[in-house]
Amino acid sequence: MPYEHTSTRRIEFSETDMAGLVHFSNFFKYMETAERDFFEAAGVDLIRTKPGELVGWPRARAECKFSAPLRFGDTIDIHLAVKAVKDRAIDFQFRIFRRNADGSRTQAGKGHMTTIFAQLNETGALQSVELPADLRECITEAPAEVLAKPSR
Amino acid sequence: MPYEHTSTRRIEFSETDMAGLVHFSNFFKYMETAERDFFEAAGVDLIRTKPGELVGWPRARAECKFSAPLRFGDTIDIHLAVKAVKDRAIDFQFRIFRRNADGSRTQAGKGHMTTIFAQLNETGALQSVELPADLRECITEAPAEVLAKPSR
Amino acid sequence: MPYEHTSTRRIEFSETDMAGLVHFSNFFKYMETAERDFFEAAGVDLIRTKPGELVGWPRARAECKFSAPLRFGDTIDIHLAVKAVKDRAIDFQFRIFRRNADGSRTQAGKGHMTTIFAQLNETGALQSVELPADLRECITEAPAEVLAKPSR
Amino acid sequence: MPYEHTSTRRIEFSETDMAGLVHFSNFFKYMETAERDFFEAAGVDLIRTKPGELVGWPRARAECKFSAPLRFGDTIDIHLAVKAVKDRAIDFQFRIFRRNADGSRTQAGKGHMTTIFAQLNETGALQSVELPADLRECITEAPAEVLAKPSR
């Protein structure tokens, strides 16, 4: 069962700010991209809908430590690992790496995100619900060595 | 009946890019802000919903000419004028002004947006519909002199 | 000496996502807005430049816990408090409140941001530097009661 | 000499809005991505810098007509064609296509962008300059049939 995923993308001009670097808020969007790709690879439909029902993935918490700047044109790898599968939520760990010209990689950020499984109730309010059994069977927690050091 | 509106806002750091200027895509967001404020001032509910029905305002076209750069911390005025009220759409004209330290204003951009009145049908496709009569009564087309030169 | 600030703004349509709520990455942009306003009120120039030198405010860390959703049109108050003034960085705490129709407020998020004082060296790399004395004189740490409960 | 380019990307969750569709301002970011890829494939360095000099590519004008909505997870092709090479600017045409499940493509948008070759002068103002000869030799105008109908 899958517990990690690596997504790759380029930094866009529109993601930079006047300091010449990627605006820090975009690190969270990069995490979300890896999460989408992970769920997709695991065969999980992110937006399940039954008639009159929307089930989504709001965040309970998001955090990032920034260790190196990213710049326009950089290619980055976003490594996701499942840290914990809880009753109503999943904890993800992310590491964002910049690919250097010499083939090495520099860690630009390390983040965490707690994603809740939730549905909109009749009044339009979000309500957390238990992860369904078929979803639990699609994913598992990453071993400690993967959390400590991405396999690629 | 209202035919123009001026919204005012500050430029955020996250709206700049590595050239040190506001990224051009944000000019379109500024137009949308003025549109929201205009509809609100005119008493129009932007997102009408009946049970099982979502009515929204997709764009058919958006355009902007950029004549002066905007920078972090600038205060801007976004002037909206109703150019044409059509059967299923409204044409807006926008002028974006930067307030200068000496009290003068510099035009930073001039744009147009065609906004359609539409609803989602059962298959999830967007379908344009006629502007309802009560909405037509809320707004009117701007006189030529307002389109040529904002009153403030 | 100032240790807190409250900024107020409206939620824009472009800040929502397909779940109908504000995309979580925007909470970090709201924090940055309050930081800009705080520095401005304290008389601190955010982007000091001498010839050939750019001094900026990169983040070392950013975190947010999300407790209630924000929606298009909501008015929010973003309360900043200075948690710690360090040698080369400032720790900020943020609370984001949604104003309700009945005059009450709901806390939508609580965040932290560590902002470094840094300059670009000749090789284009960011380097943290000590907070200058005049800046230290402009700001101070918030009392515990302000961190626990915003004054407004 | 190159006169067209096609970039491909996925739609991100953060690019949608509460109507469930891609926010229209993102179409302009997609165009910019194709522009970056085109310049890169043509061997043009987008951000030329000499000591004390920044040369960039501000927009004089941007326009898009929207013909079909894009949704989260869609794969899109962004086709760029060089419409006109001018003294100080390049006119680009863009077509954005959504890839459908049956292998067909739906045109979601058609846009234009006029990109100026400019440098920052000593006072920090942008000033358009002539396209350098080596850059002119890297790109050429697209034949009418490519503008009318992308080759892929």
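Every chain is named by a letter (A, B, C and D) in the order it is written, and numbering of its residues begins at 1.
Note that in this section a contact is a pair of C-beta atoms (placed from the backbone, for glycine too) under 8 Å apart; a residue touches a chain by one contact, two chains touch by 3 or more.
Please read all numbers here as calculations on a predicted model, not as lab measurements.
*Asks:* B-D versus B-C: which interface comes out with more C-beta contact pairs?
*Replies:* When B-C is set beside B-D, the one with more contacts is B-D.
*Asks:* Taking the mean of the CA coordinates per chain, how far is chain B from chain D in Å?
*Replies:* 23
*Asks:* Just the number, please: Cα centre separation of chain A and chain B in whole Å.
*Replies:* Computed value for the inter-centroid distance: 34 Å.
*Asks:* Where the centres are mean C-alpha positions, what is the separation of chain B from chain C, in Å?
*Replies:* 28
*Asks:* Do you know which chain A residues sit against two or more other chains?
*Replies:* 13-14, 18-21, 25, 29, 32, 47, 72
*Asks:* Report the topology of the inter-chain touch graph, choosing from line, ring, star, complete and other.
*Replies:* Complete.
*Asks:* Could you pull out which chain D residues touch chain C in their complex?
*Replies:* 13-14, 16-21, 23, 25, 52, 71-72
*Asks:* Using the touch rule from the top, collect the residues of chain C that touch chain B in their complex.
*Replies:* 12-14, 29, 32-33, 36, 40, 46-47, 72-73
*Asks:* Provide the residue numbers of chain B that touch chain D in the complex, in ascending order.
*Replies:* Touching chain D from chain B are residues 18-21, 24-26, 28-29, 32, 47, 54, 56, 58-66, 69, 120, 126.
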